[in-house]
Amino acid sequence: MIDDPLLKVLPFAVLLMPLAGFVVLALFGDWIRRDKEETGAGILACVTVLVSFGLAAWTTVRLYGLVAGPSRLRFSQPYLGFEWMEAGGFRVPFSLLVDPLSCVMMLVVTGVGALIHVYSLGYMAHDEERVPYFSYLNLFTFFMLLLVLGGNLPLMFVGWEGVGLCSYLLIGFWYRKQSASAAGLKAFVVNRVGDVGLILGMAFMFHALGTLDLVDIADNAGSLAPEALGELGPATIACLLLFLGATGKSAQIPLHVWLPDAMEGPTPVSALIHAATMVTAGVYMVARLGPLYHVSETAMTTVAVVGAATALMAATIALVQTDIKRVLAYSTVSQLGYMFLACGVGAFGVGIFHLYTHAFFKALLFLGSGSVIHALSGEQDLRRMGGLWRRIPWTFGTFVVGALAIAGIPPLAGFFSKDEILLAAIGRPVLFGLGLFTALLTSFYMARLVFLAFFGSFRGGREAEHHVHESPWVMLFPLVLLAIGSAVAGFVRIPRVVAPVLRLEEHGVHHVAWLPVVATLTAVAGILVAYYLYQAVPGLRARLAPALRPALRLFEAKYHWDDVYDGFVRRVVVGGSEKVLWTRFDAGLIDGAVNGIGALTAALARTLRPVQTGLVRHYALLVLAGAVALLGWVFWS
Amino acid sequence: MTLSPLAQEALVATLTILLVVGTLLGLFSVMTWVERRTLAFMQFRLGPNRAGPFGILQPIADGIKLFFKEEVMPAAADKWAFLAAPVVAVTTALLATAVIPYGPPFTLGRWSVLPEWLRGRTLQIQIADLEVGLLWIFAIAALGVYGVVLAGWAANNKYSLLGGLRSSAQMFSYELALTLSWIGLIMAAGSFRIDDIVAAQAGWFVRWNAIAQFPAFLVYFVAATAEVARIPFDLPEGETEIVAGFHTEYSSMRFALVQMAEYINMITVSVLAANLFLGGWHSGIPWVPETLGGFPLGFVWWGAKVAFVLFVFIWLRGTLPRFRYDQLMHFGWKVLIPVAGVWVMGYSVWIVLGSR
Amino acid sequence: MDAALFYFFAAVAVVAAVVVVSQRNPIYSAFALVVTLCSLAAIFGLLGSPFIAAVQVIVYAGAIMVLFLFVLMLLNVRREVDRPGGRDRILAGVGLALVTLLVLQAGTVLLGSRRAPAADFDASTTEMAKILFSPVFLYAFEATAILILAALVGAVVLAKKEL
Amino acid sequence: MDHASFVNHAVLLSLILFSIGTLGVFLRRNAITVLMCVELMLNGVNLAFVAFSRQWGTLDGQVLVFFVMVVAAAEASVGLAIIIALHRHKDTLDLDAFDLMKG
């Protein structure tokens, strides 16, 4: 156990900075809002997160200096000194966990978060409701930090629900727009389904291991008997239930439907919550509980299959989307599937690695798309863009870096992490094939996006063309930094960093020499196809379309997920509620009981009312009589 | 003649009481003359100088005059209350003097005129040496309000009633500041007993509370002036507004009683000022001997201090105009009490820090 | 000596208390109550509690009763109106009966638990302060400060015509 | 000589005062007098506390007396303020005049 006085305090400081920002903005927001021109609220929010980042970096450096020595370590569990819950053997202290994994997550959250806060200064400059926006953003950062730093599952769950709440608030931020508030509700409701799994999973976990402490879970998991494929042991049940929670938060099949709709929120929110941080919480949780998942073959397989299927499905949907943000949203879903694929084949560190690189380039892409939208005064439709690279060169440049990174072109960040995932999956031909094919699709749809948006001629009309303008420096600055990050982040070997946390032996990495070449070629191929279809020979698309019609129609309908859910909800839930719960249960039983009690009380009151004469002396007499009676009772008994 | 110890105690106590009350009553008469003379000098007049040398017999003349005047009682007055009020006033005024030490403890010489058991005995002119001395004074001062209220109410005269209300409001407003100004002294001495507070001021005169706790002294002096309704705080008897306040309807000996109560109160606060703030019977210079030829010099220092404070009261009367009533209340509640409160807090912090 | 004083003050207190209740003029009641309070203070002193005795006079006689008198004068209350009526008489009868019962009950209990005074008893101000500022009573003591403040504000709000 | 032998009688005195106060509370119609009678009751209780404190040789009773006084002060100030407000409202202090449950 690392016992360092500073590490007992620093994580709390990291955690509480954004909370402080939120509290100040929430309490004194009206006062700050009074001056219309100033951006005080935003600057305050940025400063708190930046300070938090600085403290996180300090924590990391400190920790790194301490763990350089022995390899088997129990990591620091700073403890606030009070139990949050305690009942019998069930004990939940308010403790945080500082280890390399949470440090990586913490740095990603605060680092990317800070850049997005800064970006928001520019993006939200003209919004009336800046103050609530920044306060939500700060609150989100706090909960996200709680999620990644929480030392036990219940604490993590608090963060988990908190980010869900902030996500809901921010998706529906422009609540006057019907679709936005609907999307917020959808995200919330869909996530609830996953949360049920999470809570049940926690309960099972406690049942199986007798602890909810993350370090203890990792330590005790090894003592459980391995459970083979199809065997329904406690670990399998717990893992599957928890994974249900993960699919909710991380938008995996079957609970992925909320994420594309979540794009109704402001673009920086999409970048922060729905690309870089919150949606990766599921991956983080699975990786964090890696030692437990290892016990259950079933769970591992489920994770891998769901991940791969989601990756492929989302990538195919992304091919046909015309909304720039929706393309990126499906891309996110797909990349999250990738991460789960990595986890499912046992390479949890690699999953985290991809999470980490993905945070850079996907935040970059979202912010870049935000910059494009900003430049076009709110236009999001790819069909009304084109030729923008000349007009907004900085946005274009950084966007291309991000696109190449996600496509997996060396030496950008995406190449390394994707290469590692494929390497980890190489023993499973089907999964490997799916992964490789998804990589091809990824590079294809990203290239399509770039070509449609930035090349060719402008299709948005002459009037709109005049207004196209490059974004202010507060927006470009984070883009540049993220572009640099996307370029170099891959050189940090995250899997090795987090290995001690995951209790994984440093298995001999057998390099497969041809894999990088194949992966690169796949990516290049995707780009080339896109180039031919969208740039060099535009007519080719029309000729190919009839042949692919059924597939394209399926993609455009998003595999009918929403229709199925809609049908189910409308028939079963709404119908059942109306016919049984509302008319019978609510109106009949509950209302009847309430009204009955009310009537009874009224009747009783009518009989007792004469007692209330209103004369003080009568009351005094009664009090005295009561005292005499009481004294008599005490005396005579 | 030999007496039992209990009888000895009783005899000494009775003598002390007689001495104190007699002195106070005498001092009251003298003070009326002193005040009039002093004021006259300040205003380039002569003042009463006819009766006796320098007019020193003037108080006796006044007394005789008042004694022979007709007593008038308003028809609508509440008889018993009207008669009781001056008595209550004088009683409370005298009760307050019971716990005050008058001068230092002294040892009687072995003079042959004294009975055997008194020779060489150490005595102090103090009626009761209570552990809660200052609290007693505070309590009795609180009761002093009743004389005023009763007098104001009993006469059934609106000027009296208003005067009574004003007086009582003023008295208990300033009582708070008065008491708060004592807290610092009590903390410094660690006791409510007045002798202890005097003892805590022994040594160099910088240890006198008037210097060591200057703000408290300021508050005390102002509040005491208001408490005994002296100029500039003599609103209760502001003759331009409410005739003579609560004692408008009093005449003859009852008027004299009311006056007596006021003068005794003034003497009490002066003695308290000397005892609590001006070092009591300590000379303020350590090398001055305590006795001179068997005579305790403390009486000299103590008497000088009391006389000085009394003089200042008269001096104020000759110098300052009267406050307006709202100014009076404003000053008492919003200036004096906060100052005293802040001083108490600051001083207690100082004590806590000092004890570290 | 002490006992004689006690019985004297006890008699004064009881007589004055009867006057408080029987007087129709509330001003007389108030003065009678002051007398009761002061006699009680004397009794407290005789029971060896000088601090409580002083506080009794300061708080009750010096503050609370002055407040009563003030209000009486402010409202210029003279006499309670006579209003003969059966209701009052019934009330008085029932009240008297109940009080008698109370006295009988409590008296039996109290007389049954006679107890000689403790041998060592030190109620000096210092001892009082020690117990008052001990953790047992400290928070209650601080709470009374808040209570007084609240009462002050409440009284101002209630009694003022317009704020 | 046991100089506080009258302690038991002090307890009785407290009972007497309490009863007189209680009687006053319903015999008097004047609101202020009633309030004074309540003070009388409280004082009876205070005396009991002091007497018991003397009997048992502990100071807890005295501390409670202190608290009772504080509460009595608060009660009197608020009570009198209410009486002033009532008097302004109905121009009387007769308790029986205030028998309406609303303004």
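Letters A, B, C and D name the chains as they come in the text, with residue numbers starting at 1 for each one.
Here is the rule we use: a contact is a pair of C-beta atoms (placed from the backbone, for glycine too) under 8 Å apart; a residue touches a chain by one contact, two chains touch by 3 or more.
Note that the coordinates shown come from a computational prediction; the quantities given were computed from them, not determined experimentally.
Think of each touching pair as a link: the shortest run of links from chain B to chain C has 1 of them.
Among the other chains, A has the CA centre that is most remote from the centre of chain C. Averaged C-alpha coordinates give centres for chain B and chain D that are 33 Å from one another. Chain centres here are Cα means. That of chain A falls 68 Å from that of chain C. Separation between the centroids of chain C and chain D, computed from CA atoms only, is 5 Å. In terms of their C-alpha centroids, the spacing between chain A and chain D amounts to 66 Å. Looking at chain A, one finds that residues 617, 621, 624 touch two or more other chains.
Listed for chain D are residues 22, 26, 29, each touching two or more other chains.
Chain B has no residue in contact with two or more other chains. Interchain contacts give a graph that is no line, ring or star and is not complete, per the touch definition above.
Inter-chain contacts, as defined above, occur between A-C, A-D, B-C, C-D. Residues 2-13, 15-17, 19-24, 26-30, 32-33, 35-37, 39-40, 43, 46-47, 50-51, 53-60, 62-63, 65-67, 69-78, 80-85, 87-88, 93-94 of chain D touch chain C in their complex. Put simply, chain C touches chain B in their complex at residues 27, 31, 34, 38, 41, 50-51, 53-55, 57-58, 61-63, 66, 69-70, 73-74, 124-125. Partner chain D is touched in their complex by these residues of chain A: 612-617, 620-621, 624. Residues 617-618, 621, 624-625, 627-628, 631-632, 635 of chain A are the ones that touch chain C when the two sit in their complex. Within the complex, the chain C residues that touch chain D are 2-3, 6-7, 10, 13-14, 17-18, 20-21, 26, 29-30, 33, 36-37, 40, 43-44, 46-49, 51-52, 55-56, 59-60, 63-64, 67-68, 71-72, 74-75, 77, 80-81, 83, 88, 91-92, 95-96, 99, 102-103, 106-107, 110-111, 114-121, 123, 127-128, 131-132, 137, 140-141, 144, 147-148, 150-152, 154-159, 161.
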